[in-house]
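After this come two complexes, each holding chain A, first together with chain B and then together with chain C.
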Partner chain A sequence: MDEFQTGEEASFLVDEVSSIIKEAIEGAIGGNAYQHSKVNQWTTSVVEQTLSQLTKLGKPFKYIVTCVIMQKNGAGLHTASSCFWDNSSDGTCTVRWENKTMYCIVSAFGLAI
Partner chain B sequence: RLRPSAEGDGGRRNHYRARLGWVSIAPPKTPSALRFFLHKLELCLAGPARRFPVAAVDEILRDVVGSALREQRYEPGPCREAAKNIAEVVKARVKALAVPRYKIVVVAHVGQLGGQSLQVGSRCLWDPQSDTFSSYVFKNTSLFAVTNVYGVYFE
Partner chain C sequence: MGELGPDEGAENTYSLRPGLQHRFKSSTVKECIRAILKEKLANVQYIPEEMPELTKSLSETIKDRLKEEGFDRYKMVVQVVIGEQRGEGVNMAARCFWDADTDSCAHHVFMNDSLFCVVAAFGCFYY
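== the complex of A and B ==
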């Protein structure tokens, strides 16, 4: 049986994913003020852009991307995650972004197949 | 998803495809090894033996989130702990269902009801035949919670 090595192409690189997420957020909502009518479209755009860039990395991973956009009015929000996976290959990256009118929290989980 | 190798290139050309779920292997030589190989091949191509039990996970979410937050008023410290506890406890209980070859991701959001607007969205790149998710929204007079559980088959 051939042996295949676990090279870089099989690991979840947090820095790489973090910059993908930041670009997706900036592209979708950077420079915008919170608008309730647009938030659905923004969430979709952030998630889809992140997922398509992750797919382009061509790594053997399944991905889950979650995005929360919340209007800033002083109310509190807490997010937690817990995973049952393979620590050596799987990973997660969460980016917290804000401007004057809203918060955006994006989490990406990569699970090796 | 399995394919015996015919290439003599040391497997390098198949390295990338091997990591995408294809395995390059030489066909086994003995009849018993061949039978074993074919049995494993059949198992892999059949997909998960047991699907992710969405209904049972829904029940776990209702139970864990409800009991954690039913009598709780929003306070930053306790709610931060509650979000962490909910994520850990839900993961432990879903893991206890012992569904073979499924990886589990639990994401819990707990927030204050302050008249603000918020949107939670998620999207996944996976195999819809084997992978799925369960979601639960809880609300009382001072807080809300959104909890998602994703079950991803390890091929």
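== the complex of A and C ==
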């Protein structure tokens, strides 16, 4: 009888996901200043780029990626998330990035199938 | 074959899809979120020291409420974002890689004079 063990490929590796997110952010909004007309396109592209890189990992996971871009004007922002899942197989990674004119917070959640 | 299975009461249902009644319905969930936000944030002012606690407790409350709704075999993620209203521009986007047949999401935005709150709830079926 073969033993099917959960190998390393089937776990949510936070460091790997974190670097994928950082690359996506740098690629999409790297040297830009906040522009109201473009921000929609930026959030979409950060999220889509992150998701496509995550799916290329080929792991048996469902992914949820969210991105918030906020203009810097002295206002405060708080995010929190609560998850009902299996702690041993599922995971999350949140990356906070900023430049002179805006903040960008990306959260990625991976849920094992 | 020996003792297998976590509990004696749980039987194998052999179902790979949720029944129509048990789906993670966007509208139901959105209603839940709207009711909770209306109740909890009605007259709340944005006070920086209290916000971390508030966001965390709000996400826990909403998650617990969704658990009570009885979405069997669904894994859920609730994300709460609270920001101060100061005229800044904010944009939020989400994309998901899942089974569109069984999984779904719901979101709601609450605003009052001093703050805005966005709640996004996602439900993924566990096969």
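Simple rule for what comes next: the second predicted complex is superposed on the first by the 111 of 113 C-alpha atoms of A that agree within 3 Å, B and C clash if a C-alpha of one lies under 4 Å from a C-alpha of the other, contacts with A are read in each partner's own complex, and residues count from 1 in each chain.
Quick note on the criterion: a residue touches a chain if its C-beta (ideal position, glycine included) is under 8 Å from a C-beta of that chain, and two chains touch if they have at least 3 such contacts.
Only a predicted model underlies this, so the values are computations on that prediction, with no experimental measurement involved.
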item	value
Room on chain A for both chain B and chain C (clash or fit)	clash
Contacts of A:60 with chain B and chain C, given as first, second, both or neither	first
First (chain B), second (chain C), both or neither touched by A:100	neither
Which superposed partner A:40 touches (first chain B, second chain C, both, neither)	both
Touched partner set for A:10, first chain B, second chain C, both or neither	first
Footprint overlap on chain A, comparing chain B with chain C	34, 36, 39-40, 42-44, 46-48, 51, 54-55, 62-86, 90, 107, 109, 111, 113
Residue ranges of chain A in contact with chain C within the complex	34, 36, 39-40, 42-44, 46-48, 50-51, 54-55, 62-86, 90, 92, 107, 109, 111, 113
Chain B residues within the chain A interface of the complex	5, 10-11, 14-16, 18-21, 23-26, 74, 76, 79-80, 82-84, 86-88, 90-91, 94-95, 103-127, 131, 148, 150, 152, 154-155
Interface residues, chain A side, partner chain B - complex	1-5, 9-10, 34, 36, 39-40, 42-44, 46-48, 51, 54-55, 58-86, 90, 107, 109, 111, 113
Footprint of chain A on chain C - complex, ascending	46, 48, 51-52, 54-56, 58-60, 62-63, 66-67, 75-99, 103, 105, 120, 122, 124, 126-127
